[in-house]
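Given below, in the form of structure tokens, are the structures.
Next come two complexes, and both contain chain A; in the first it sits with chain B, in the second with chain C.
Here is the complex of A and B:
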């Protein structure tokens, strides 16, 4: 009983950590490669969840919903990068904070106009609706395992793209020395637009995956946003590996914190971040500035 | 210009001093809110505009100033101003010292994020603590009074009294910051913003200067929080939320950072927008967000940077008029 309870918590922690990783990996790439601090990233998570809710309602199928939603998310990312973010690459972080903060206000308002303020749920697809019994009275929903599996696949795919492909080479080079990449004749503007759109799509995808597990509600992106920032800062900006380790750490600390020390759970995550920054101001896997 | 720059603040102050005589209590209340936010934003400007530290958790000190008042005097039968005010300031200063001591080791994005993280810690601490009212916050049924012996000198309960008290706090804060910035200390922190490494090479202990600046800013934010608590009689965790920190940054940039009057102008703009836009449309945040975005993109030095430009334009037009008058004379000479 005791053991299986902790097993369930552990699985939850890992699944939460994976979702955080999807959001945070986009954020950390934006930081590392483009030098952009994007507060609107949580809004993209929210947009993903609402797209999943809306398109699933229209098509009657979550898979179709996700399939149709992803291009929309990519397009949103592209437009935001072209018409707002791209003006701020040379500017102080302050303006990026301000601009993307204002974007949160705008996206929240758009969400209310389009979908209202009600809390919605998305049904789990039938194939994945069951749960696996662990003991007599403990079981684990298959869909949550499915989320973890998909995230593992994406993480592997991402690490393959970044380590093995030409695009990944450009991304890595861009993260370590932007000017040099530019002078080697790589179209940085296109690279940035691509990276930003992909980051947005990843965040939106995380929102879509999470929508059947959590409900879909206004402001859902903001909690994810702040926690993802914590993940990025713990891991070190620009480091995918760091984002992964950070996401898992936060997943574990916040899930077990809620179980063991419920009134301190929210604080513990931030305390962990402060402690890590005291020890390593550039994050676990970040390069010293 | 220098005559104008002296004339403008004084005439603005005069207008503010005379305003309550018009007698609209609603607008005096609104103006009090503006003044409180102006103090808050001015304190943040010391960090953003002068020291080059982009703090994204400044609302925490605002909230702590308010909470210190509310917690200490929750059940008091009378709130003495001379006890309550120093307490709030000390609480905010202490919190700023603690947060600053850790945060200033980091820079850039990390500094933004760690200040945010600390603000979130304070937020959740108050949000989840049942003894301080949780997310409902604390109500204060009394307002601070200044007494000498048993004689009330100043009761903040009356809107006009509060207004003048807040206004004098704003003026005092403004003068204090002006003095600080003129002193050698101010020269050093502005130099840190311009080039931290060079200041370090000159032998200054950069972190110590940053920390002092951070504590001064936090204390002033605590003053604003104290005023807010005393004004609304109510404090809750949402005053500390990262939304408030974001709005504070918006105020500073909208008004014009790196000037002390900029944040005051910014507070006017933001509060008036928040008061006016909802009457236009239910979805006013859309407009508000768009305004902030346009400022971030096209007017990075804020609204107050427009004034010199307008003046320069006017002057050029004048001189063009003058030169066009001179033209015919030149021709006849030729």
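Here is the complex of A and C:
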């Protein structure tokens, strides 16, 4: 194989890493900062993709679809937090696992009632529909590059909000010592509702953005759930930087694993996770417990 | 949201229908308390084990709806006896297959067993049903073993074997002038069997397999493999992907600009019933299958219109397989006038059935696998159109079957 082959694969790896980060960023927000194990994260991804499919069909435009879909996702997140998750902050993680597992089943059933069992596709918006030639017979879709750009923007935006703003300060404080923050007069309940809604909206946004390059089908969320957890665990819980590095690492290992060691392709990622956890049990950028 | 209506005969409808059947039965049983007292008025139990949730949900619903449609056309009578359905969601989960089959066979004591979609569920089911179990009709699952080493007099299949999904592909591609071919498929039992069958016809006829690229099932990240495919520069690629994976593969393949230099072929699932989701990306893709929407025969036209009217959805190969499963059961029961005790006679009637199916003529081999024509199809304007018959009366070798 020539050098160009490996360069294209490198591009594939980075692009896959960006997609993973987009999905995992919402999870690290909930899991790392709020300490919630949210198994329904994949379901929110699926809801996003179906919203994009449905609203793009109604409005005829993916951008409008995303614009209309985001408030819906925020609302779903808010309702889920208020009526379900908020009762479990003081409880053991096992309760959260049970609750969010139940949500997977409920959202799958809802999806089927609302949108049926067909496989759907979403068209790439006209303006980004082209592709750039890479080698003599392969080209790269512009839309995939666009996704990468959006991911970079989200990564910067998130770390800015969390590190530099007052809201971010409250979130970080609330996560490390809930009672203390409460006694300082900050409404932690409202704060957590906000963060949870944002986490859900991020997952849904990932689903919307990925819908034109993925296919929209029942159960699609389960495929991204496990890998998102792997990203968060490798990166270290609660670290946006960690999620980013973790996603890139997995992108690289998974892409080159497929090409160089095809027989091992499906276990490479988990082997990487195991190795990293042996070396640093708290993850690459996690704080030691 | 028209999809709501496309679910076809909903679970509620089924319950209502079941209730009507049961009510009629209750009324009749007042007059005729004993089984077979007059002309066999006792109900025939048909157990259905199909997936209604998950990736294969649409396949399951189409198979069931079409089969119920066939029964409804016969006034819901099998050999003069009313039908009672026991309908169970298999969820296409191999782990649950044994328990659910057990429930249908031992607890419900069904006379007929119809299912499943997933090959691994099928293996578990057939292992329990073969021999003394209910007459079993498989309307989809394609594992070669089901009518191979696991074949049995009481087990029939109205769909296909893996062999029939791969073997006719080789000569079809050679005839189209493609000699250097890459094989890509989901790396599990069915995918491997399809690839093996493809090689069996392709290699001896002078074709070259440049490389085999098995990809992890059910993952859909194809980008790295497509880059590899581009670097290999074959004439064409033969694939097995289905459902969401098929939509993504066809779109990624087109987006990577590979359509210009590499011709995309595959087992029919690659484009079957996925036209709306794949859009332009599927144009020109060629597949082989025992059915095509546009087949120009009266049975197909009548069937497609009736299915559309009954369910609101467009018929596909899965619906055809369900419809033929209903037909096969009807043939058996009518031959023995509803007497399920005349098992050998019923099996003989089913074995010798020649069905004027929407797919064309359908017969059965000694191992009870379909013998039917395989078509080479091409997607033109979102439709799978027949290019030519790729294999006339395609049979299955039934490896390991003691009946063949």
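Criterion: the second predicted complex is superposed on the first by the 288 of 289 C-alpha atoms of A that agree within 3 Å, B and C clash if a C-alpha of one lies under 4 Å from a C-alpha of the other, contacts with A are read in each partner's own complex, and residues count from 1 in each chain.
Here, a residue touches a chain if its C-beta (ideal position, glycine included) is under 8 Å from a C-beta of that chain, and two chains touch if they have at least 3 such contacts.
Only a predicted model underlies this, so the values are computations on that prediction, with no experimental measurement involved.
Enquirer: Contact-wise, after the overlay, does A:95 reach chain B, chain C, both or neither (first, second, both, neither)?
Expert: After superposition on chain A, A:95 lies in contact with chain B alone.
Enquirer: Would you sort A:277 into first (chain B), second (chain C), both or neither based on which partner it touches?
Expert: Only chain B is touched by A:277; chain C is not.
Enquirer: Taking the superposition on A as described, I'd like to know which of chain B and chain C A:16 touches: first, second, both or neither.
Expert: second
Enquirer: Determine, under the contact definition given at the top, whether A:170 touches first (chain B), second (chain C), both, or neither.
Expert: neither
Enquirer: Using the touch definition from the top, say if A:191 reaches chain B (first), chain C (second), both or neither.
Expert: The answer is neither, since A:191 touches no partner chain.
Enquirer: Name the contact category of A:27: first (chain B only), second (chain C only), both, or neither.
Expert: A:27: touches no partner chain.
Enquirer: After the superposition on A, what does A:230 contact: first (chain B), second (chain C), both or neither?
Expert: It touches chain B, and chain C stays clear.
Enquirer: By the touch definition at the top of the document, which applies to A:110: first (chain B), second (chain C), both, or neither?
Expert: It touches chain B, and chain C stays clear.
Enquirer: Contacts for A:213 in the overlay, against chain B (first) and chain C (second): which applies, first, second, both or neither?
Expert: A:213 contacts chain C only, not chain B.
Enquirer: Counting contacts the way the document defines them, which residues of chain A are shared by the two interfaces, the one with chain B and the one with chain C?
Expert: 108-109, 112, 266
Enquirer: Which residues of chain B touch chain A in their complex?
Expert: Residues 48, 54, 56, 102, 105-110, 112-114, 116-118, 120-121, 124-125, 127-129, 242, 246, 249-250, 253, 257, 283, 285-286, 288-290, 292-293, 295-297, 300 of chain B touch chain A in their complex.
Enquirer: Show me the residue ranges of chain A that touch chain B in the complex, using the header's touch definition.
Expert: Touch list, chain A to chain B: 31, 37, 39, 84, 87-88, 91-95, 97-99, 101-106, 108-110, 112-113, 226, 229-230, 232-233, 237, 263, 266-267, 270-271, 273-274, 277-278, 281-283, 289.
Enquirer: Which bits of chain C are touching chain A when the two form their complex?
Expert: Touching chain A from chain C are residues 1, 3-4, 6-7, 52-55, 57-58, 61, 213-216, 218-221, 223-228, 230-231, 233, 243-248, 251-252, 255-258, 260-262, 274, 276-279.
Enquirer: In the complex, go through chain A and note every residue touching chain C.
Expert: Listed in rising order, the residues are 1-2, 5, 8-9, 12-13, 15-16, 54, 108-109, 112, 114-121, 123, 131, 133, 135, 137-141, 143-144, 213-220, 223, 254-256, 258-259, 262, 265-266.
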